[in-house]
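Structures are listed in the sections that come next.
Both complexes below contain subunit A, partnered by subunit B and then by subunit C.
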Partner chain A sequence: MPNASDTEERTVEGTAGRSAGGFTPPGWVRNATLVVGAALVLLFPELVPNAYVLSAGVIVACYACTATAWSFMGGFTGYVSLGHAAFFGLGAYGTGLLIRDLSLQPFLAWLLAGLIVLVVTVPVGIAALRVRGASFVIVSISFVLILLLVFQAWEDFTGGANGLNVPRPFADLYRPDHHRIFYYLFVALLAVMLLTWWVIDRSRFGAGLKAVREDEDKAEALGVPTRDYKLAAYLISATFTALAGGLYALWFGDLDPIFQFSILLGAYMVLMALLGGARNLFGPLVGAVVVGTALEYFKLEFGDTQLHLVTTAALLGIVVLFMPDGIIPAAGALLRRLGPRQASIREVTAEELLARNERRAAAGGAGAPEGASRDAPDGASGGAGEPDSESEGGR
Partner chain B sequence: MSEKATETAAAVGLETVALTRSFGGVRAVDEATVTFRDGRINALIGPNGSGKTTFFNCVTGMIKPNSGSVLFRGKEITGRAPHRIARGGIGRSFQLCRIFPRMTVLENLLVAVRTDGLRQLLAPSRDARAIERARGLLVRVGLDHLENAEAGAISYGQQKLLELAGVLMSDPDTIMLDEPAGGVNPSLIGRIGALVRELNAEGKTFLIVEHNMEMVMSLSDHVVVFDRGRPIAEGPPSVVREDPRVLEAYLGV
Partner chain C sequence: MDGTLLFQSLVLGVLLGGLYAILAAGLTLYFGVMRVVMIAHAAFVILAAYLAWYFHRETGLDPLFSMVFTVPLFFGIGVLIQRVLITRLRPATLTMMSVLLTFAVALLIEGLLGLAWSGTQRRVQLSYSGSNFEFFGARIAVVKLIAFGLAAVSLALLFLLLKKTRFGLALRATIQHREAAQLVGIRTDRVAGVGFGIGLATAAIGGTALSLDATIYPSLHWSWIGPLMAIIVVGGLGSIPGTAIAALVLGIGQSLLQVELGTTWAQTLFYIALFVTLMLRPQGFFGGRLAQRF
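Right, the complex of A and B next:
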């Protein structure tokens, strides 16, 4: 904290170079990256050499969905949930059980399972969101552990450790075609999430959520109904996670509580989102591509031992140490350092400042400020006539 | 100012009746019954630990009182959620200035825009009207040149002004300031004081907790003195200053 004596002087120079709310790349770089990225994602099934790589692509797409879904809570509000696997598992089992017991059409079962999770999450969210910080993390973990035990023990209903078979929606398709369809289904789900994210991010609701992340009590004091906002974000996050889980059930066809309600799965979501940048629209997606690919590779290489977990942990360590805000902000900062300096806020030169102060003094009469300080009397709005620099939507 | 203080016809704004809040065995606020009239600059003073901030927190809903009630313009608001009290027209600042450090100065103000209903909830936060209003407030507090700066990067004094602008953005009738002069330099104290006076002239009621006696005495119409969780004296500053009970509380005689 700066102390009282230096309040007025150093600030104009001090902040001019710092862009706010993260780095904003030039428009064409952004658009080009988007187009190339989207093309790569859409063409991926055509580019892969074999069905194995395609199936790995499905898994990565599924991870991207879960990480993005997680960020609706973790990214916007800063509430870190380590137990999001609970919603993934509920979505997966919900879909499977609805098909098995009610013989519903698979995709109808999928949507219905999402709806059920939405409803179930209301009381869970109300309970979990009574606490903040580390306590919330613990509560989120306990929820997934409870579900794990229930689904393991309740064998008659869930199949327990024997697993649950989910009939395939496209029984007559060969494996590669099956993978391809589900790859696109996951990508479509992801697209819906990204669109939702975009809408929230620029909305008043989003501004309120981000305020919760920064200072919850302060947001509340400004009139933001923080509890309702957090609950809404939690519901959106949980439902999307459940939809990803349901798709996974339809794709993979075999569920086991130990994998569906796994702490590890929840931890992966956190890792991916943080690695890519949980506050960035495409952050969790980028994180999922990096971590998901790494996980598959580690499993292929060290899958016989637990070493693949060690390597994953090392990855998390590297991120936390060197890129606490994630890849996208880190890359943005790098670009900014290398590229031409684009101040995203209007810089005020000493001359402009002097001119303005003189104008203010002339308008306000008395109390001309000394030097560069801004003690001009209020009401003298000489500065308001200047053109406003338009910032790129803040992000 | 003094003529306003003697004016008893002013409507009752914020009042508390036997408000009590204890922490462990300590009664931080002890059956405090106080009335603040609308349209005034009210000051709440008292030695450290006399319960001023706890009183603030009870009134604004940040903590729940154990007993007693808080009324705003005759309506009971005891124990309501802070955001509802804020929306009801009572804005507040915090003792250690609180802003959203990783948002821009402008975004800090946009958080306080009122939202009712789903449509407004999903409306862009940067809508033209809100931005125009925010910019007007930034000009007013003298931060318009820092609109796109990260709020955590501006100086402490500027953060204080930003916090005040944020409170104004939520459009309160009554503004509660917790130590507005704390930790800022004398010229800025003068500026904050001038702003308060200006806003008061426009009809805003103030309730200010402050240790800077010079500011309290020059600014306020009505002073309430707290000691051990309850008011021990009140009146115009010139009267309160001479009150033996006040001197005793401050000097610990």
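Right, the complex of A and C next:
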């Protein structure tokens, strides 16, 4: 929320491009973090002590893929889908069934499964986006529930509760090498997603999606083709989720409807993305590392008890109530509060002030343009209005 | 399918539809007053069923008496959920964030039920559990009839409350147009809180009715929330009569399909109805224009 004590200096360029919490550390810090992070991710298989930790790393990488894929819809448009596990399961089963029934080459089957999910998602997306928010939520959850029912009941085709065995693509490899290859495959998929995210974030399409998130009515009035944009974002999100699911099927080799079409899996995606910050490029990744590691640790320590349900629920509740923008913006706000404060009097040159006042006058005294919503780039509305009054006081 | 069987499934469908109606009524009520899709509703239903089962096991009394405690308790919880949790959320993202919040509540209830009473399937055994009676050739279990009666009575009470009392008037005004209701002096936040309480109280009644006739386990609520959400969309979000009609129609449909296709495939009816409704008539078949925008 913009307020008087909010003394962060924000450039117009920074707020227009990046939607997130607003905290932008200096460039070299960002770059250094990026390089170190990427190096850590790439070197991870060399650093781990044993194959078990490596397999946990594969799972976390898979979570990171799903959470990032989720944020294409959840982060850009603000439409929360609790049913993304449906696409994960469809991608996984699609890959497995294509290999089993058509004996396709594994990675060809994987891509084809992604394409099939893309096609299947079109009618689902149209139904889900017919009316605003509520129907989207209902359809997204229902889609998982119906697929769970169908895949359990249709035993001749899907194997039902007996599971589906997916042959390994690299049959002659030892387990650790298998894990290592899939770790890098997941990381590569993640890199493609992050790149796509980055491109969309800077495009007109991305701006339209964010406009939908901030105020759909206004976006529509401004001529943003909201339905088509939302549908496109949904398709991208679903397809990437399906690709992650297909890769998982090839890696894990054994599918069960209960685990693939699990509501809980969809909830993990949401939790990871929100915890890290669904509007940040690396937010879902950070969230996946935190939550995924915690989940694996929990499984190791306590087994599959009800306790992990309770913990997941509590964590989700806390995130939704207290930091809906995620860790990265929350940490940014904390840094800002603890870090060196800027002088309370802004340095605005006379020319800048004059130019701004003229712009104001040209706008017909309508005052500072109201941000579309509270989480809109708050610097744009609040920050711009404030220095005037301060400098007026000094005159 | 011969005549008797058809009639039998028809009657069973009506009884089932009654249960669906009272359960979905709560869901549509929350949506009406707060624009919240309350995912935790079915979890509370299962919680009430567990409490009824526990009450029966500990006291030996009929599980129906547990409603003396659960209905006021759930009413209170409902008011608290609205006043403490839902109102904390930002209005701009209320619909989406409330879904996550109530989803978290549902998971929490499921997890706590599992911790408290393990994942074992539970069932209330009563002296009249197995008894049937004949009704024009159809065999009807007494427990199903009791459940239906409970649902019908509470639905009728809810309807009277909404239509005949001053509070009902305020509640309907809040559902129709929150700002306008505020302008004429209705304290909409208080009304919304009570609306939430009533919604959750219906979950207590529905859950107790369910416990008479169903085997319960912690994750059962997922197989209820889907059909209930489909019902409120088909009936028109926010419309209680629409919800009741949709519940009856879909309940009968499910019961008839069950004979031919078995339970699992019959359940897909709800989801098909959901998709068809959204494609053809997104505001629902019986609802007003409220749902159009949501």
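The rule is short, and it goes like this: the second predicted complex is superposed on the first by the 315 of 395 C-alpha atoms of A that agree within 3 Å, B and C clash if a C-alpha of one lies under 4 Å from a C-alpha of the other, contacts with A are read in each partner's own complex, and residues count from 1 in each chain.
As a convention for this text, a residue touches a chain if its C-beta (ideal position, glycine included) is under 8 Å from a C-beta of that chain, and two chains touch if they have at least 3 such contacts.
Every value quoted in this text rests on a predicted model; they were computed, and no experiment measured them.
**Q** For A:196 in the superposed arrangement: first (subunit B), second (subunit C), both or neither?
**A** Touch partners of A:196: none, neither subunit B nor subunit C.
**Q** I'd like to know which partner A:293 touches here: subunit B for first, subunit C for second, both or neither.
**A** neither
**Q** If you count the residues of subunit A that each partner touches, which comes out higher, subunit B or subunit C?
**A** B
**Q** Please work out whether A:78 is in contact with subunit B alone, subunit C alone, both, or neither, and reply first, second, both or neither.
**A** second
**Q** With the two complexes superposed on chain A, say which partner A:218 touches: subunit B (first), subunit C (second), both, or neither.
**A** It touches subunit B, and subunit C stays clear.
**Q** Go through the superposed model and pick first if A:312 touches only subunit B, second if only subunit C, both, or neither.
**A** Touch status of A:312: second partner only.
**Q** Pick one for A:142: touches subunit B only (first), subunit C only (second), both, or neither.
**A** It touches subunit C, and subunit B stays clear.
**Q** For subunit A, which residues belong to both interfaces, subunit B and subunit C?
**A** 373-375
**Q** Can you tell me which positions in subunit C touch subunit A when the two form their complex?
**A** Subunit C residues touching subunit A: 31, 35, 37, 39, 85, 88-90, 92-93, 95-97, 99-101, 103-108, 110-115, 119, 218, 222-223, 225-226, 229-230, 233, 237, 262, 264-265, 267-268, 270-271, 274-275, 278-279, 282-283, 291-294.
**Q** Can you tell me which positions in subunit A touch subunit C when the two form their complex?
**A** Its residues touching subunit C are 78-80, 82, 123, 126-128, 130-135, 137-139, 141-143, 145-146, 149-150, 152-153, 263-264, 267, 270, 274, 305-310, 312-314, 316-317, 320-321, 324, 373-375.
**Q** Spell out the residues on subunit A that touch subunit B in their complex, using ranges where they run on.
**A** Those in contact with subunit B are residues 1-8, 10-12, 14-16, 18-21, 199-200, 202-208, 210-211, 214-215, 217-227, 344-346, 348, 373-379, 381, 383-384, 388-389, 391, 393-394.
**Q** So in the complex, the part of subunit B that touches subunit A is made up of which residues?
**A** Touch residues, subunit B against subunit A: 60, 62, 81-84, 86-87, 91-92, 94, 98-105, 107, 110-115, 120-126, 135, 139-142, 144-151, 153-158, 166-167, 169-170, 183-185, 187-188, 191, 194-195, 198.
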